[in-house]
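Both complexes shown next keep subunit A, but they swap its partner, so subunit B is in the first and subunit C is in the second.
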Partner chain A sequence: MRGIGFNSLTMSLGFLILIGIYGMVADTATTSYLHAMVELMILAYSLNLFTGLSGYANFGHVVFYGLGAYTVSVSAVGLSSMGMSLPTPVYVLGAGVFAAIFALVIGFPILRLRGDYFAIATLGINEAVRVTICNTKELGEGRGIYILGLVPSYDIKMLYIQLLLVAFAVVVTTHIVLKTKLGYGLRAIRADEDVAEIMGVNTSKYKIMAYALGAFFAGLAGGVVTLQFACSFPEYLFIGRSVDMFSAIIIGGIGTLLGPLIGSVIFWIVKDALLIQFPYFHLIIFGVALIVLILFFPRGIVGLANRVLAKRGKVLE
Partner chain B sequence: MSRMNRESMLVVDNVTKRFGGLRALNKVNVEVKRGEILGLIGPNGSGKTTLFNVIMGFYHPEEGRVLLQGEDITDLKPHQIARRGVGRTFQIVRPFGDMTVLENILVSGLFSVPRGGEHRKIEDRCHEILKITNLTERINDPADELSIAEKRRLEIARALALDPQLLLLDETMAGLTHAEVDQALQMISGIRKEFGLTMIVVEHVMRAIMSISDRIVVLSEGRKIAEGTPKEVSENEQVLTAYLGHRKGS
Partner chain C sequence: MAFELLAQTIINGLFIGFLFGLAGMGLTLIFGIMRILNFAHGAIIMLGAYTAFWIFILYSINPLVAILIGTVAGLIFGVVLYMILVNRLVRAPALASLLALFGVSMILENSMLNLWSPNPRSIPVDYPTISYGLVTISGSRVLVSIVAIAASVLLLATLKWTRFGRMIRATVQDSRAATLMGVDVNKVYALGFSIGIALAFLAGGLLALIYPFEPFGGLQYALYSFVVVVLGTLGNPAGCLFAGLIIGLIHSITGSYWTLNMSPAVAYLILVLTFLLRPGGIMAGRE
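Now for the complex of A and B:
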């Protein structure tokens, strides 16, 4: 490889450790703030695993987060009615697994679609699931499902640690994917799916693997959040959150290891600041900023950094 | 002719491919022997690229079969056919633009099943292929930044990294200068010697196709109208008419 590499993996994990320590010693409000930021980060990474690498725009990614949330609340209610309860990590893992299985089932038909058609199908699925929840009595309809007291309750710091572990896992997974056949295959699909096939890439298999992997991590995030608030609402499937994740990976650099992290941190800080000053207008500011970014820096901050570093014979790895 | 006794690498058996009312291929029969270079020529729109797409499993023919070393591959998917050792280049180059030259080649190296496996070994092989295709100097450049001649060579390099037994070259010399065509010809005979490949070569540059092919098949409007040695084909009345009728002046 050319020149010295700045190791993105070390930087990402180092940053997680730093905000982990900070969140532990800070006051509860700060920890909550960081908790929400890390949650966005996990979602951004999980979207990056599929959309960032394969190039398939997925506007309905938040459905996996919502399904993860409902997996925890529904299973907690179900188990407690039988007088049982499980350790929290089991609920969280179950949330990831259920989201991944759902992705495998719907991915099979919809991943045959390409481009805009796929993007629209993902929106449709998200809406279909949300509306189904809102109209199903067993799922609490629009009111949501409350599980206070049904699962072992932890304070925000403990949940924060759990969330950071998920973040660690998704960063390391992304690193591994990028270095292995799956990553090369997906990048080939993003560049030219037909050519990828000709070069021996089983495109259907790789797309569905990445889709389910992304769903798994989004499901984990939904699971942790349900434990934090001890409830799950249909609002968890709000399309706006998909837009947040998208913005984060576009700002940071789509398909890269460091991009989702940088993007979520910037997005979170800026959004939070703007939200207070311009409760509605901030959306317009964001929209314009995103368009400018896509037009002038399609590879986000990491792409920009690589261009600058390349001039000095270095590269972000 | 001793060649007649050699085993066949590929058999295209009575293949018909329609697009709506158009028969892009009409009951086409082609056989390629192991180690042979078969030239495939014909006027624009005669079905040459379509034949490649059928062989690769990109299009499934309405009639007929494609056999690779005796195995029926007609209904397989492109990646399955690629992994059975068929590499192809695209007439209109299609590099993975945002990947480097090495990464472009690594993809097919990683996914070629039989020699797949160890990353290190694959990378060594890719370096060797880069040398043969004269791309070593551009190894870390994004494929987007290559010249058209280099992109054509990258197409060939990528196909070679699959470790193919059969290589389908679709107009890799179009638009090249006289000197570049000479280099390309040298490279192709070098590849043939080094890897002992069987090839089907589509080319409009007559000088090139005549010098490189063992045998030539001529398509016109989806039909095979002639087959034989370069000399036989260049003297064939039907071929001359087809060409004069469709490609005035070239």
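Now for the complex of A and C:
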């Protein structure tokens, strides 16, 4: 390997620093464009931590993002009714922690399921939470909760820095996971869970760790977005959002360190271009592209690059 | 009054339950045979609804005939989809087949949206309501239930007594052993998948007689179908029909005594409880 993993890490972090500087000097429109791209990147990494490494199809990942968003808005409303307010990073951290706790609670039962059963269960939980929010008066029903003026004043550049810090954290976490027993265990589970278990991998512990870790970062992203838009909607839990995340990690290379980054940048630029060019047909084009990618390039761009690089004895992660 | 409401609720629930059961049957058949969860099930149900709707509107024929023609169209659609895509997914990992079918669902939903607008539609026919003692039931629900029961009985009888049915059941039990016994597994896959899609088209067409539908309306039916097939043991059509009735009853009771909006949440709660308490579904071990 000869320290090649370090190269992938420096490339990812270097790219984040570059778009960080660019976002700070650019006008606010560009900053919010990049803000949305980095948000997708974090979600892609958080999905990659569990689904990418273990191969478990989590179709309810947005539930953590949505719960993170609601954690911020509900706590902001609650605290302001008592005349209090907290610095923004505290809200964001709270969002991540709540999402991770929720993941631990639901993870114990549903991580016993495999393959299609797991996919159904995650989808079901996601929809159950969304429908419950839509029908709970205290959670604003379908209208959402608005927190304008209840949290410290709004500044897109400040939020962008916070989001970039989260992105840094998720990239470094992914790197660490890939290099430690957790990552090897998860990849063994993806290859064959029964064999992994027989070989001494503590499969249920590893699965729940990765599941909660992914939920934590998705919750953080949801928290920052709630601060950005000063509201949280049930729309945040719409499973259509999973399309973006899955597309990003499949384009880039599932279960890799560079993949979610490359994938989400390409996906975001292409999606924007297609949306402007073909406002009515872009999702059809995406559907076709998703199928073609899965059938013919299941390892994504990182996989393709590795086919070339392997001849020179190098590997990207 | 309280008793009347209860009786009405139960009758409504049972009648809608047959439709839920039928909607899940295509899904469970495909899963049983190919171990593929058809993630595009909801979009395909909606496509079935549109197909029946357009045949009915353009040729102004009896809606039931339109629905039956739509079902045959579904069979053809299933064969085409199998030839183009699904045959490549049979031996792929679960994640790959789920995502590819999710892609199919995106293509179908957005095509329907572009072709036929997001406006809700329904097949506009009025059947006389039937009153019997305490309860009143709309004629279309009775009709839908009769067709759903007939289709289910036909499917179960085919599986049980015909040569093709035995081939399907052999493939469900062990596809490799079935191949060794001379079953053309690829043919079984293609036909089984197409029948599953045809059943989804039939469910969609029948649904259009009772409820309005729109391009993205499939998601909720797909989710109900998932609950039904898991509760009724994945891959077991008879269990699926039974589970459909249970979910229909729960749907109706939630609607009468709480609010219909919460019905999906209650259904998913049952899904999670099924996974916890009886992961194999109610028909586990009763093949």
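Quick note on the criterion: the second predicted complex is superposed on the first by the 311 of 317 C-alpha atoms of A that agree within 3 Å, B and C clash if a C-alpha of one lies under 4 Å from a C-alpha of the other, contacts with A are read in each partner's own complex, and residues count from 1 in each chain.
The rule we apply is simple: contacts are C-beta pairs under 8 Å (C-beta built on N, C-alpha and C of every residue); 3 or more make two chains touch, one makes a residue touch a chain.
As the structure is a prediction and not an experimental result, all values here were calculated from the model.
Applying the stated contact rule after C-alpha superposition, one finds that A:K181 touches subunit B and leaves subunit C untouched. When both complexes are overlaid on chain A, the residue A:T10 reaches neither subunit B nor subunit C. When the two complexes are overlaid on their common chain A, residue A:L113 makes contact with subunit C while staying clear of subunit B. In the superposed model, more residues of subunit A are touched by C than by the other of subunit B and subunit C.
Contacts of A:I198 after superposition on the shared chain: subunit B is touched, whereas subunit C is not.
Once the two complexes are laid over each other on the shared chain, residue contacts for A:T30 go to neither subunit B nor subunit C. Interface residues of subunit A, counted against subunit C in their complex, comprise 51, 55-57, 59, 109-110, 112-113, 115-117, 119-121, 123-125, 127-128, 131-132, 134-135, 239, 243, 246, 250, 280-281, 283-284, 286-291, 294-295, 298.
Within the complex formed with subunit B, the residues of subunit A that make contact are 1-2, 181, 184-185, 187-188, 191-192, 194-203. Those residues of subunit C lying in contact with subunit A across their complex are 31, 35, 37, 39, 85, 88, 92-96, 98-100, 102-107, 109-111, 113-114, 219, 223, 226-227, 230, 234, 259, 261-262, 264-265, 268-269, 271-272, 275-276, 279. By the touch criterion given at the top, residues 56, 58, 77-79, 82-83, 88, 90, 94-99, 103, 106-108, 110-113, 140, 158, 162 of subunit B touch subunit A in their complex.
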